[in-house]
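In what comes next, subunit A is part of two complexes: it sits with subunit B in the first one and with subunit C in the second one.
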Partner chain A sequence: MIRGIWNRETVAMVWVAAALPLAVTWLLAEGSAGAIRLLFVLIVGGVCQAMFTVIRAQRPSLAGLVSALLIAMLAPQVGPLQFALGVAFGFVFGELVFGGWGRSVLSPAVVAIMFLGFAFPAAAWPHLPVQIEWAVFPAVVLLLAFGVLPWRALAGAVLVLVIAGGFALPPFGSAVAVVLVFIVCDPAICATSPLGRWLAGALFGLLFALFGSVWQASAVQMAVCAALLVSLSIPLLDELAIAVWRLSGRFRHG
Partner chain B sequence: MPTPRPWPQAVETVITTEAGLNLDPLIDIRMEALVQPGDTVALGRPVLKDRRRPELLVTAPMGGRVVQLELGAGRRQASLLIQHDEKVRPHQFDVRDARRECERGSGGPALRDLLQASGMWMRFRSRPFGRVPAGYAVPALIMVMAIDTKPLAPDPCLALKGETLDHLKLGLQALATLFDGPIRFCQDDGPAIVEESDRIRIARAGPLHPAGLAGSFLRREFRSGQNLNIWEISAEDVVGIGHLLSEGFLPATRLVSVAGPGLRETRLVRCQPGADLRELCHAHMKPGPHTILSGSALDGREARWLGWRARQVTVLERRDTKPQPHWLESALRRASRPEPVIATSAVEHALGGAMPGMALLRALAIGDDETAAELGALSLLEEDLALVDYVTAASPRFADLLRACLDRIEAMT
Partner chain C sequence: MKLWTTLTEPILRQNPVTLQILGICSALAVTTTLAAAITMSLCLTAVLVAASGIISTIRKHLPSSIRLIVQIIIVASLVIVVDQILQAFFFEMSQRLSVYVSLIATNCVVLGRTESFALHNKPLSSMTDALGNGLGYSLILIIIGSVRELFGHGTLLGYSVLPTVEQGGWFEPLPLMLLAPSAFFLLGGLVWLIRSLMPKQVETPEHKLVPAEEVPG
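And now, the complex of A and B:
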């Protein structure tokens, strides 16, 4: 019998390929400081994955590369020891203890970034250059073409953000674009039912719009906070979608 | 694996010199031999019967001499070999009572007896669990499958032409006599093959697998949690019932496609049930080692004889020489838990939509039978998850997990 190719690592390869334009754009903007930061996260994350590989025979996933890039881009600026602790905490308690990419509830990037954000409230949040937003477009096209991106979540979020912005169609900003595509729409994290995906996307848009109106904070902080809350509510949204499915069946066939 | 279009128009009739028995593993019967090696059997004569349910009979697929009949472990397996002898006439059944019942259109003990005596009863498959229904059972719905979307499967409409249409009508009438519920005639998007009536309704599906599976039709119409008791039978077997009722003997052949990357050409043949696959394929193979599957490339099994419900033969090239994996890689593979399935749109399409499929896959993967049943596992059979297994290369296969889940649920009820 024949076997197909869409196992976890194939999806992870597409996921990494989509992040490449983002990485190049960000490195061009940040220069050598960014490169060192990325290398640092890659090493810490790699050590964590290697430890779980050796001790628990848990296969590493290429998706860890994307998580490392997101942490390097979005985490607040802290000292190297604190940073290493935060990154390790994110990888281990966000993903690896649950069984790796595809089994966890949260993205390790969200856990690491929010851990550092809560632990060091005074730390400065990074400001993403505007060209990053444009680097997200080829990623979206690639992910949609391979069917990796849950398009309903993306559509739900964009719809709510456009409505909340008063139909003015302003550019959403680099932070929202990156967090929406690479954290909220992570196929391993996002809801799995169609309704759940619409709701997850809409919830992200709603939360970001709410934070934007009442909270004077950096866009990155607001976006990652919204992503964390959305990720935590995804099991609930999926349960809701299944309950709706059950109810609709009851009404269809008495 | 692209489906060759157009299919070859000419359908050869091939009766292989030997035929055997390749029962579906789901047909769990304890067999008792009714003939001896050396006996001459006619097409339609009983060869094996179930010890616990004597109404379930396996009949000879063609006339000839029984060369070998051995029962395997626990009488669950039988190796049967019949050599063809064209001088043996097919067995004539007495169909007068059954025909009279069909014309009256109600009740049907004689018709049941006829179907069971001729072995056509074993062509039904019931859901949940996918077993052959008991001789006295009454379904809530019968699905007649005149569509097959598996890769390289023959179009069942090719077998529904000319006088077989009359047999199909008679067969449907016989099904309607068996019970009082509705019949769904599942076909492709083309013109209607049969006329709709108050009992027989047509359901249609597109050409993309898995749309043509009985499970996909069911999921579109029904939801989980219902007390399903649904039988399915292929349209060609309904034609066989009609043939039996009008001519008095079983049809000798069925339409089978012989295709796959290991063959030089794609063929449509009419051969007897249980035909010798090596003989069917031998003259048309490409050079090199091969695997001959009875069934599609997605859910077929390597076999010598054509399977019980198989309507296609797939020949794959065999790649025996796998490179030795790295020691760490093989150690990880043995020690680690299986990789999870990521919910991409490929998986979504393979599940056919219309149900919380990923939630069901997760429930199956962790062995949560209660949730799986709530999410519709009872309306599924292995073939419904074969495409998911193909797409995700999942290990262990979800089809096997589903069968284990169904077996546990069946043991409890």
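And now, the complex of A and C:
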């Protein structure tokens, strides 16, 4: 592969391509209501990105399409005005204000979904159909083939989830699969050090297992909450990994 | 003329909350309603002006080694006076503000102004500076307080502005506005707005991105 073509937008294109099977499966399951929801998020998010492009000359990213899909899929059900507010908040304060995709520590999807979740605690969380989990598999294969997915984070999370689930089948639901692959393993926000990636994945698995055992909530809500906490602790995990690396170097050289 | 500059400078250009990011603890805590925000602003401005005046008057007799203790004692005494007045005449409001009036004693705006200005200037200009800073603080508190009350309850100062769904209107209140995080978001948005209107206030970035590495061919 030619290194020269690997810029941010190439990664974003692979990212969008991986989300396509997910989008198709979800739209087939949800029908026109889902399509309208997705279109709504795309328009609000697109307007936000366009404004930043015009005012700040900030390059828009195709990755916004995936964020929009995730928001449409996972956000709690609220009225249109509140939904628009949440989506705009997620895109602007979660990503654009930091300089766009790749410069923020949080995914705009997580920010928008949790904003709506906290702002409207009574709103109903969506239930993801079971076939979504299967649509995630081709995405994982594609992302791994292109080397976009941080596989250590994925492996860490799957390991912890399988052990915590007592090796039961199926190991976890579609909410976890979507959130794990498209939010926790987002290459722009996941940890950058190898150990940090293992830790981030394992932390997600642990948090989800913990929530599942003590909290009577929808799987989507638990998964997104876990993803938010993981994203916020990623700088700490990276710092930890660097400290461990330094310490090991000291012992190696005497 | 110079007094006028001292008075107006801290209101927007040198605002203690949005430029120096001081005193945000109370700015977040007491702004759920506009009435509380206004009361808090008045209390803080009164304490700040009085403390600046007193400290500036005795500035030449203050040994430098104990100046902080003396300043804290003066500020704390004034805070107690203000707190007692509130409890005596506006009991309900003092209950709603709870500890935050007493916490004016630890507000960084107060000690910051007395330490950096009142200790080096004459009483009149010190008090003008204190008043300007108090007004700057009040401006931010009142803006955030009105937005939070308007969108959290649909009211302003208790009067219904946006008729809520419960009262048969159309407006669905945002409960998030009554939680502390929303004050953070609003304050952040306000700082952003002011700094994009006045680019002078923007801090110099700590880091710079290295341009993408050119691959040798």
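Keep this in mind: the second predicted complex is superposed on the first by the 249 of 254 C-alpha atoms of A that agree within 3 Å, B and C clash if a C-alpha of one lies under 4 Å from a C-alpha of the other, contacts with A are read in each partner's own complex, and residues count from 1 in each chain.
Just so it is clear, a contact is a pair of C-beta atoms (placed from the backbone, for glycine too) under 8 Å apart; a residue touches a chain by one contact, two chains touch by 3 or more.
Computed from a prediction, not measured in an experiment: that's the story for all the values here.
Engineer: Who does A:4 touch here: subunit B (first), subunit C (second), both, or neither?
Structural biologist: In the superposition, A:4 contacts both subunit B and subunit C.
Engineer: Quick check on the superposed pair: does A:193 touch subunit B, subunit C, both, or neither? Answer first, second, both or neither.
Structural biologist: First partner only.
Engineer: For A:119, using the defined touch cut-off, is the partner it touches subunit B, subunit C, both, or neither? Pick first, second, both or neither.
Structural biologist: Second partner only, subunit C.
Engineer: Is A:245 touching anything from subunit B or subunit C once the two structures are fitted on A? First, second, both or neither.
Structural biologist: first
Engineer: Looking at subunit A, which partner touches more of its residues: subunit C or subunit B?
Structural biologist: B
Engineer: For A:82, is the partner it touches subunit B (first), subunit C (second), both, or none of the two (neither)?
Structural biologist: second
Engineer: Is A:59 touching the first partner subunit B, the second partner subunit C, both, or neither of them?
Structural biologist: First partner only, subunit B.
Engineer: Show which residues of subunit A both subunit B and subunit C reach, each in its own complex.
Structural biologist: 3-4, 7
Engineer: Please output the residues of subunit B touching subunit A within their complex, sorted ascending.
Structural biologist: My answer: residues 1, 222-226, 293, 297-300, 316, 331-332, 335-337, 339-347, 355-359, 374-375, 389-394.
Engineer: Going by the contact rule at the top, pick out the subunit A residues touching subunit B in the complex.
Structural biologist: 1-9, 11, 53, 57-59, 99-103, 146-148, 150, 187-188, 190, 192-193, 238, 241-242, 245-246, 249-250, 252-253
Engineer: Can you name the residues of subunit C that touch subunit A in the complex?
Structural biologist: 172, 174-176, 179, 181, 185, 188, 192, 212, 215
Engineer: What residues on subunit A touch subunit C, complex-wise?
Structural biologist: 3-4, 7, 79, 81-82, 85, 89, 93, 97, 115, 118-121
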